[in-house]
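Heads up, there are several structures right after this.
In the two assemblies presented below, chain A is common to both, partnered first by chain B and then by chain C.
Moving on, here comes the complex of A and B:
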């Protein structure tokens, strides 16, 4: 379709061509303007709304900020949210990194199959993936069936509405975000380095920690950032699997804005989510940079 | 002796790596199979193992009289995804042409801003968009949802298009120009054919991300602009509606077939 149109080469004088040729940087303007109007402006409005005392948004003041920051409950919710993100990151590194190693040492055919398996969940709706975990972790679900069949537990365990169940589900839900940057960096690692390390007498483990790990660090850091950001804002998964017993910032934002209609407090919670998640992401990225520098020196 | 120690550590290496990787594969593939199995059962609850093969949930789902709300939500989601993807491809490709090959400070800054929806919490942006549009006096409509989705899915287009632009040899463009081709002609006959697969892969990712979007739809959809993920959430939240298994089955089939198609057309998996 693209190469089907065959026109004659337009004959223009060079000067005319130079005049009609758009400066390439101007092409970014439409998107830049759209971001200013519909991305930056709403976020500024969020800051504005948070600076009102009442839910009818008439009285300026910082009452909502004082209420939020002065209440241990909100602090706990914020810390729980960040903790949930960090646990999901840790779990997805623990099982995602070995899968990336397997990917790296497989042949092209296996790699294609693995890539397909990794990308598929990314395209599948988060709600579908969340639903799957309800079936798996439910009272009469797959895990409880297996455990009782093996005689490991006489009565079904409670797996939904627990932090363990939520972290497990989020790990699967966010796994593609960890693996894609990781394998794209790891497949660029020169296999000769691995072989050289082995030829010089290093064990597999030593090669992993001193050769492969440092070189894969940029991909790992990118994966951690994406998983952290995505799992802390995964409202539906948190709400359905965690239930109303486990409260995280997204649930708070939703309740305050669409149930209680206290927009200023919702805005405060949304800004807290935004600032705290960004802060952790910045820290992860800084650690990654320092780690790369440190490991390159030694 | 050295050799023996090594084979032992090699063994432990592959045991640990293999076990963890198998677990990773299991939890990536397992849920999809479990959902498909659930959607083909005849029981009303989510009891495992499923009993009896039946297409009743699919029949109910495709029955216009029972599932009109789901159909409307799916229709809305498809409409929004199509328009949002169109906008994201148009704006995103243009932006990629402008900034992806530039090392200028402003270009790097714009790149960071345009990619930021991947990192910033979508929920905060969803709430911000709700307040912005409401306080400016807009009524809830699909158009607002399209704008919100388009901004959040632009990074997918930007990333894949930039990646294919970086493979474009600059001398091709110079050749074309020195042979007297106009900028537009060069773009149409040289640049576009080379980056088209990257754009297509990005458009596919963006389209699926829009179908999947929760943060924007949660805040901007209303009773008349219901979106599929929000409706599905409703089907899970209070009393479980097993038709959701059938919706999930349809989505899985859609994703798998589109993925195979895109793989054939543009080598999709290599471009993600």
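Moving on, here comes the complex of A and C:
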């Protein structure tokens, strides 16, 4: 540990010298301190608050955990929240992956336009995006107007305040989170591999499945994790597009913390959201790793 | 070594001096300012446009605002015990009771308000003072319904029910409207069971069950054509060209007051000047007019033209009022119940 040059020094100051010697990890120090102060400490406070029985935070106990975990309704809400995330991930993969392939195979000018379109949702405030979806999906909205004009439906369809409408709009809102990692990984794939695959007689589909897909998997996994975590916690979109008949964990957290001031129960709901979303993200990343290994072996 | 120490001392002294100098103007500035929590949106616009200039002119006090909904003000004040993030609260009846129970307010002395004599009796107490009235009833789109709805139960009948937008117990206006609906079906201020029983029957027909903040947008977009709401929301939408009319239900319009309170530990002199400025007839009248639509509590304000459901503040007694000290303890249970009943 102690270098030869500091060997003449007493041991203690030698250790200090070793610590204060310039090293790479010191660059991460400000971030680490901010992380401890503004994330780790509040997280432990959250865990602490959840271990109280009453909304005045005076009586230690696990009554809120028992209430939450003992109520089938809250289980249903948790599962619905995860389901919403998974459906959004599925939809954004189905739409996003082909789009990423189109992006990769287009020329630089088209790529610039596509990139702008992809990033566009990020440039708009979430409130504007969400209200735009009300205008599109509403009773007298663009979609219903078009459907009725074409004679496909005599009365307006209910699109707002349905799970379908919510997944649809979340897919659009979260799409950049899927596409940006996907495109950045795909653009690092050596184009020679594609040509080599073709030269060896593989069809375009075979090249896609055995060459491009395995190599793009890290980007796909990163995109899935981001979309999942972001859509399960998208409080404003869930509230405004989904309405109050679709109950998800963020709504419960908001109600308990800000309307009825039952912070222990809010903390329990928040930790449930954190743990369940993290669990699914870990599973996605594990599947991604196994998939990469499997595809590389075969 | 000693030189280093001297340097450090010098630096510290210089820093202290600089800090002190930096502090001084801000202290002087604080003398002439008050920080008020304010509802975002129409209220914030109104107070920036009307109250801030009036306060500056009358008392040379600067108004600084923190846009926060009532529930957020309570949450923030509770989280920062002893060091209030603002001097004056503006609250609905429910959060007001929570604030009193949590000991967030300084004892209020109504005699320090020169405008007190202009207010109806009972407007001020040891906790605070009412600064605006809110009236709750039914709002509907007259282009969609040839006959206007008459009673609360009409909301649950065709043709209205399939165009109805419901909200839960998160807001004051939602809570009191649901109580009135429950009363029509045999419930009371503390028993909303009949509401839940009826809601279950009509759930598949209802046009939307929405977050209160989303409701005006849904009405404007034609997703819903009838809802319970306050005169201010209805007035704001109407001023934007939306087809909307406010109806007084047969059993009467609901009224409650928005109150102001001084935060515990706050600097009080400017807080009283600010609250009194809000209560002066000139300010109250300006706040009543479009586009703000805040119903006044000062008796000197001529009502008539503002589309309010009363012509004289003395009629206030005829409106339906609620006892929030009874409602508050039940509200958490009602919110949970509402989630469970309406969830798909």
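As a working rule, the second predicted complex is superposed on the first by the 272 of 298 C-alpha atoms of A that agree within 3 Å, B and C clash if a C-alpha of one lies under 4 Å from a C-alpha of the other, contacts with A are read in each partner's own complex, and residues count from 1 in each chain.
One rule holds in what follows: a contact is a pair of C-beta atoms (placed from the backbone, for glycine too) under 8 Å apart; a residue touches a chain by one contact, two chains touch by 3 or more.
Every value quoted in this text rests on a predicted model; they were computed, and no experiment measured them.
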Partners on chain A (chain B, chain C) - clash or fit: clash
Of the partners chain B and chain C, which touch A:42 in the superposed model: first, second, both, neither? first
Go through the superposed model and pick first if A:160 touches only chain B, second if only chain C, both, or neither. second
Counting only touches as set out at the top, which of chain B and chain C does A:110 meet: first, second, both, neither? neither
Check the contacts made with chain A and report whether chain B or chain C touches more of its residues. B
Using the touch definition from the top, say if A:73 reaches chain B (first), chain C (second), both or neither. second
Considering only the touch criterion stated at the top, classify A:240 as touching first (chain B), second (chain C), both, or neither. both
Let me test your reading of the model: by the given contact rule, A:271 touches which partner, first (chain B), second (chain C), both or neither? first
Between chain B and chain C, whom does A:255 touch in the aligned arrangement: first, second, both, or neither? second
Considering only the touch criterion stated at the top, classify A:90 as touching first (chain B), second (chain C), both, or neither. neither
Please state which segment of chain B collides with chain C in the superposed model; the candidates are 9-17, 135-143 or 171-179. 135-143
Which positions of chain A sit in both the chain B and the chain C interface? 131, 134-135, 138, 140-141, 239-240, 257-258
Contact residues on chain A for chain B in the complex? 2-3, 5, 7, 9-12, 14, 17, 20-22, 24-28, 30-32, 34-35, 38-39, 41-43, 45-46, 49, 57, 94-99, 101-102, 112, 115-136, 138, 140-142, 144-145, 168, 171-172, 175, 180, 201, 203-205, 208, 225-226, 229, 232-233, 235-236, 239-240, 250, 253-254, 257-258, 263, 266-267, 270-271, 273-274, 277-278, 281
Give every residue of chain C touching chain A within the complex, in rising order. 71-72, 74-75, 78, 98, 166-170, 207-211, 213-214, 217-218, 221-224, 331-332, 335, 338-340, 342-344
Complex contact set, residues of chain A against chain C: 73, 76-77, 131, 134-135, 138-141, 160-161, 163, 239-240, 243-247, 251-252, 255, 257-262
Chain A-touching residues of chain B, taken from the complex the two chains share: 2, 5-6, 9-10, 12-14, 16-18, 20-21, 23-25, 27-32, 34-35, 38, 45-49, 91-92, 94-95, 97-99, 102, 104, 106-107, 110, 113-114, 117-125, 127-132, 135, 147-148, 150-151, 154, 177, 179-185, 188-189, 192-193, 196, 205, 208, 211-212, 214-215, 218-219, 228-229, 232-233, 236-237, 240, 244-245, 247-248, 251-252, 255-256, 258-259, 263, 269-270, 272
